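Below, each structure is written out as structure tokens.
The two complexes that follow have subunit A in common; it is paired with subunit B in the first and with subunit C in the second.
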Partner chain A sequence: MPLLKIDNAELEVESGITVLQAATANRIEIPHYCYHPALETVGSCRMCIVQIEGMPKLQVSCNTFVGEAPPDKKIDEKYDMVVHTQTELVKQGRKNVLEFLLLNHPLDCPVCDQAGECFLQDYAFKFGNAHSRFEEEKRVRPSEYLGSQIVINQNRCIMCTRCVRFTRQISGTGELFVQKRGYDFKISALEDQPLDNLLAGNVTDICPVGALLSTDYIHKNRIWNLHEQPSVCQDCSVGCNINVFYQKDRIFRVSPRENHDANGYFICDIGRYGFHRFEEIERMTSPMRRDEEELTEIQWDEAIKVVAKNLSDAKEKIVFVASPFHTNETNFMLGRFQKGFFGALPLIEEEGITYPSGFSINSDRSPNHRGMNDVCPSILEDMASEIDQQNIKVMYILDDGVDRELDQEWKEILMKMDFVVVQSYALTEVAESAHIILPGLAPFEREGTVTNDQGRVQWLRPSLPLKGKARPDWRIIMEVVNTMGKQELSYSDVGEILAEMGKCFPAYEGVSLFRLGDYGLSINGKVKSS
Partner chain B sequence: MSDNNSHKDSFEYVNPDLVDNILSQYPDKRSATLPLLHLAQTQEGYISNAVVDTVAQITETHPAEVMDCASFYTMFYLRVQGRYILQVCQTLSCSLNGADALVDHITDRYGIGPGETTPDGKFTLMKVECLGSCGTAPVVQINNDYHEGLSKEILDELLESLQ
Partner chain C sequence: MSDFQPILTEHIHQKECHTLSFYISVGGYSALEKVLAMSADDVIELVKASNLRGRGGAGFPAGVKWSFIPQDGEKPKYLINNADESEPGTFKDRLLINKTPHQILEGMIIASYAIGCNTAFIYIRGEFFKEYQLLEKVVAEAYEGNFLGKGILGSDYDLDVVIHRGAGAYICGEETGLIESLEGKRGWPRIKPPFPAIEGYLKCPTVVNNVETLSNLPHIINRGPEWFKSIGPEKGPGPKLFCVSGNVNSPGVFEEPMGIPLKDLIFDLAGGIKDGNELKAVFPGGSSSAILTAEEALSVNMDFDSLAEIKTMLGSAGVIVMDEKVDMVQACLNIARFYAHESCGQCTPCREGTAWLVKILTRITSGDGNSNDIDMILEITDNIGGLIDFSKGSFGKTICPFGEAVAWPVRSFVEKFENNFRQYISQEESVT
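So, the complex of A and B:
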């Protein structure tokens, strides 16, 4: 393996990687714009220039490869390559590059949405000059829509072409191109093909400057006012890693978080803008009881007592309906009702898409189907006929939420019930047929673990506070179970439930929130308990 | 060159053999983008969206990649041009010998500025960089022909002779 020296660090690296990759992997900062690990290297921004001994000029580190030197050519008799990133020459080079990149830049950071997470801003501050020698008039061009949700501010663009390469290599849709050349060049979308694919939102993330902006976030807030919560997307079974940016009780933005074992670098627009559908819904904020046709608010104590009594009276003639939209912990808690049958509503399936880069949107639009099956006692295949055969009249449902549309078969099943308890965060179709509604948490309020279709357990972390009198779903179940009197459960958080889950299901043994961390754990290879 | 109103939805090369010949000269199809665009422009007079789509299909690239290329080179016309493209050289020798006056003269005569086309679609005026005939300045290239050592009078005669 070649021995590389970057500044004072001696690094033994694999042959064939680039200087920039070697530096980044070893936490040595080399500023760059056009290089993105998911995209083909073009070496056009020139920001990542470094000095390499034996080479006459500064080299772009993103496109200079490390290899083995013949024995007689080694530097200091041992190094295959010696790179300097902090010499005066490099510093001056960076200053010059930045001066060019900023020639026509409007310097409008105070009104720019990228400010605070802008590489142009950061690098100019760190490596640039405070002043420009450019005294002529700046080139001013209007902003344009590239797609229905993507705006480009042409004045801020530095022509790194990350977005263009994204549409060609990742989404494979090829809407963007570089129009004209030299002073007139700009990023454009084809007239008859605007940037409207389901991955389009990613171009706003990979844009290193404030040129590409999402209309969904533009002029809504400033990044330094927002809290960033690493979490997991709940819109399909891929389980993409995301960062949720929120302020108080409102989410402003969802952006992808890098995880090579789940989603790679990107997320789709379904997950990116999906949080909006929870904003307008009327939330359940208090337990409700149906009297005749009216729903009336009742106290928690009363609601739990009524539920516990009805469940106890029904003996074993109960169906507990688990949900692939809920966390492993909530579904596991449902299994603590030891007497009764377990079922689930039919899968919500829509068209699945796999892009040329391998990024996919699964047809199974529930986040935790695999996990639900893992941690719930045997779920009935044919629930409808079982209900008829056993003459079951009581049902306890974990509601899937606002995405669920009930089919006729299910409407009929619910009509036949004498007593239906629904744990839900909104008045969904399922909740409308309930005799008691217990207000649980909406997707961005939940905490727990979810297991994606590849068997990767990931930590779903909450970003919004509880609303009204709503309680965590696992806690509601625990209270009902305790009130029924046969068991005394006393979990104080999801971590304890997770530990208990590991004891019951060997696949989850040893899984803890601490071990899951930001990137999750794969439970494949472990024996799946039935 | 075709007439001005040829906004067609589809484009096909009249001579597929030429296309095959071009493709056979390159190791990968993408490399044939430039000559294919040239061939299309000779046939159509400009690069329409239909041309872009066809070239993309032949070279197995995205239409956006073909647009990258077509919009990069100033000699590919992305709009319909006049039957005669008057390209007035702007570089040193021609400029010193009165190229600007020739441009003004054409502008006065036909009411078109650089980059514009007469309403009847006959002439398009363009300013271009060095045509490489400095010894015979000023030079105007009309379509593929050079016209050298021009004055306003000779240019007038020349323009009138064009049909």
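So, the complex of A and C:
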């Protein structure tokens, strides 16, 4: 392995990687704009210049490769390459590039959505000049829509072409291109093909400056007001890693979080904008009982008692309906009922898409189908006919939520029940059939683990506070089980349930929130318990 | 007048000199026959020994360029004849295409054979429409005569030639910009490495040679490298086409040995300065070269090394002559405008810097200059490309040499004709 020296750091690195990659992996900052690890290198911004011993000119670190030097070419008899990132020459070079980039920039940071997370701001602050020597008129051009949700502020664009390369190399849709030439350049979308593919939102994330903006977030808030919660997308079984940006009880933005064992660098727009569908729903905030056609609020104690009594009376003639939209812990807790049948409603499936770069949107639009099957007692393959054959009249349903539409068959099955309990956060079609509704948490309020289709367990972290009298779903089940009187469960948080789960299902043995951290763990290779 | 016997342009005054039958009648394609009996390695060694340097601008040794092509590997190899001639003041390749197209084609076949290529391209400047039509005919003739196609002249060597028209961008003369354009993409130069010899056209090993470079090959094969080296300076020898334009009495293309005094080119061959005016300045190698003062021009020889010594270059040998009536500030603005217009816009310094130069120069010429402007221009040119001054980290500021191509001339105008700029600025300052 070549021995590389960057400033004062001695690094042993893989042969064939670039100086920029070596520096980044070792937390040495080399400023750059056009380079993005997911995209082909173009080397055009000229920001990542460094000085390399033995080379007369400054080199762009994004396209300078580290390799073994022959014995007589080693520097100080041991280094294969010696790189300087802090010499006067390099500092002056960066200043010059930044000066060029800012010549025609409007310097409108006070009203720019990128302010606070802008590489032009950050690098100008760290490496640039404090004043401008530009006395001429600036290039001023109107903003344009590139797609129905993407706007470009042409004046802020630094022409790094990350967005153009994204549509060519990642989404493969090729809507964007550079129009005109040189100083008159601008990023445009094809006239008959606007930037409306399902990965379009990513261009606003990879844009290093405030040029590409999502209409969903534009002028809504300032980034420094928002909390950033690392979590997992719940809109399909890929389990993309995300950051949820929220303030108080409102989400403002969802953006991708890099995880090469799940989504890579990107997310799709279904997940990016999906949080909006929970904003306008009629939220369940209190337990409800159905009297004739009317739903009336009741107290938790009473609700739990009624449910426990009905379940006890039904003996084993009960179906517990698990949900791939709920966490492992909630589904595992459902299994603590022990006596009865376990089933799930049919999968919610839509068209799956795999992009040329390998990025996928799965057809299974639930986040935890794999996990539900892992941690629930054997789920019935044909729940409908089992209900019929066993003449079951009592159901306890973990509601899939607002995405579940009931077909006629299931509506009829639910109509025939004597007693239906639904744990839900909204008055969904399923909840409409309930005799008792127990208010659980909505997707961005939940905490627990989910397992994606590749067997990766990931930590779903909450970003919104719970609402009204709603309670965590696992806690509701625990209370019902305890009230039925046969067990005395006493978990105080999801971590404890996870530990218990590991004892029952070897695949999950040793999995803890601490070990999951930001990137999760794969349970592949471990045998699934029956 | 020079007593040099033209080699590349020997027959251009003959009727029908562009036809196959004429070319054969003067010994054309005899070099190809010799080459087909040689090994490819021997052809490369022979051309290396001749010290033939590229005639497109950079002056890179042709044989060395060929030897970078990996000889193992499965990928096909490509030769591209760069006929995009777009450097201002340059019009030699156009003459060669019009008058001696088979000489070019023979050179292409020799080069293709040497690097083991079976498909070669002619990338021709879009504006050369008549020349394009002629080349189509010439290539068809060559196929008919079995100089192209399968089993050339009874050998087992096959070669196809495809002609591709450019769409009029200056930057497509740069070899990687040209390759991108040939692939059907925007003509944006590529970051190197990889160099075209390793990953060029369609990521396959590719050599790009200029029209004039290729035209020399049949003669080197026929008469040997020693003969070639005897013409002009040994390190960069051979016959050379010089394009002389501007304020001279007889502008045109002149074939002379490398190293001819610039003075002779201007005053003998091109008939001296028009209207009896004084010589003021000369671009020796197209508008990308640093400009020379009259004094420098009268003493320099036209070859790679002599020109590099006085910090300019032979480039494309486009000699642009300016007399005393030329306003050097306006001329500088004109040059800067050209480069700002042709900058592809990829690299930050070139895209923003060229436009900045134009804005400052426009302000100066319209009487709004100030005394800081001169230093500012010098600094901007340094930050785009800069003169050859390694201590300042010049070079490498842009992906391709376009940065230098604008920095060199603009900087040289300001350095060498500073008084002209000061006059514009002081007029304004005295008014205020």
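Quick notes on this structure:
We take it that the second predicted complex is superposed on the first by the 530 of 530 C-alpha atoms of A that agree within 3 Å, B and C clash if a C-alpha of one lies under 4 Å from a C-alpha of the other, contacts with A are read in each partner's own complex, and residues count from 1 in each chain.
Here is the rule we go by: contacts are C-beta pairs under 8 Å (C-beta built on N, C-alpha and C of every residue); 3 or more make two chains touch, one makes a residue touch a chain.
Note that the coordinates shown come from a computational prediction; the quantities given were computed from them, not determined experimentally.
Of the two partners subunit B and subunit C, more subunit A residues are in touch with C.
Shared-chain residue A:73: touches no atom of subunit B or subunit C. Once the two complexes are overlaid on the shared chain, A:158 sits against subunit C while remaining clear of subunit B.
Of the two partner chains placed around the shared chain by superposition, subunit C is the only one that A:59 touches, whereas subunit B remains out of contact.
Within the superposed three-chain model, A:167 lies in touch with subunit B and out of touch with subunit C [touch as defined at top].
When the two structures are aligned on the shared chain, A:193 is found in touch with subunit B, with no touch to subunit C. In the superposition on chain A, A:503 contacts neither subunit B nor subunit C.
In the superposed model, A:176 makes contact with subunit B only, not with subunit C.
With the contact threshold set out at the top, residues 177-178, 181 of subunit A are in contact with subunit B in one structure and with subunit C in the other. Per the touch definition, subunit C reaches subunit A in the complex via residues 169, 186, 191-193, 340-356, 359-360, 363, 376, 383, 390, 393-399. Every residue of subunit B that touches subunit A in the complex is listed here, in rising order: 49, 62-65, 67-68, 71-72. Residues 41-47, 49, 51, 56-60, 63, 65, 89, 92-93, 96-97, 99-101, 103-104, 133-134, 136-137, 139, 158-159, 161, 177-178, 181-185 of subunit A are the ones that touch subunit C when the two sit in their complex.
Subunit A meets subunit B in the complex at residues 164, 167-168, 173-181, 188, 190-193.
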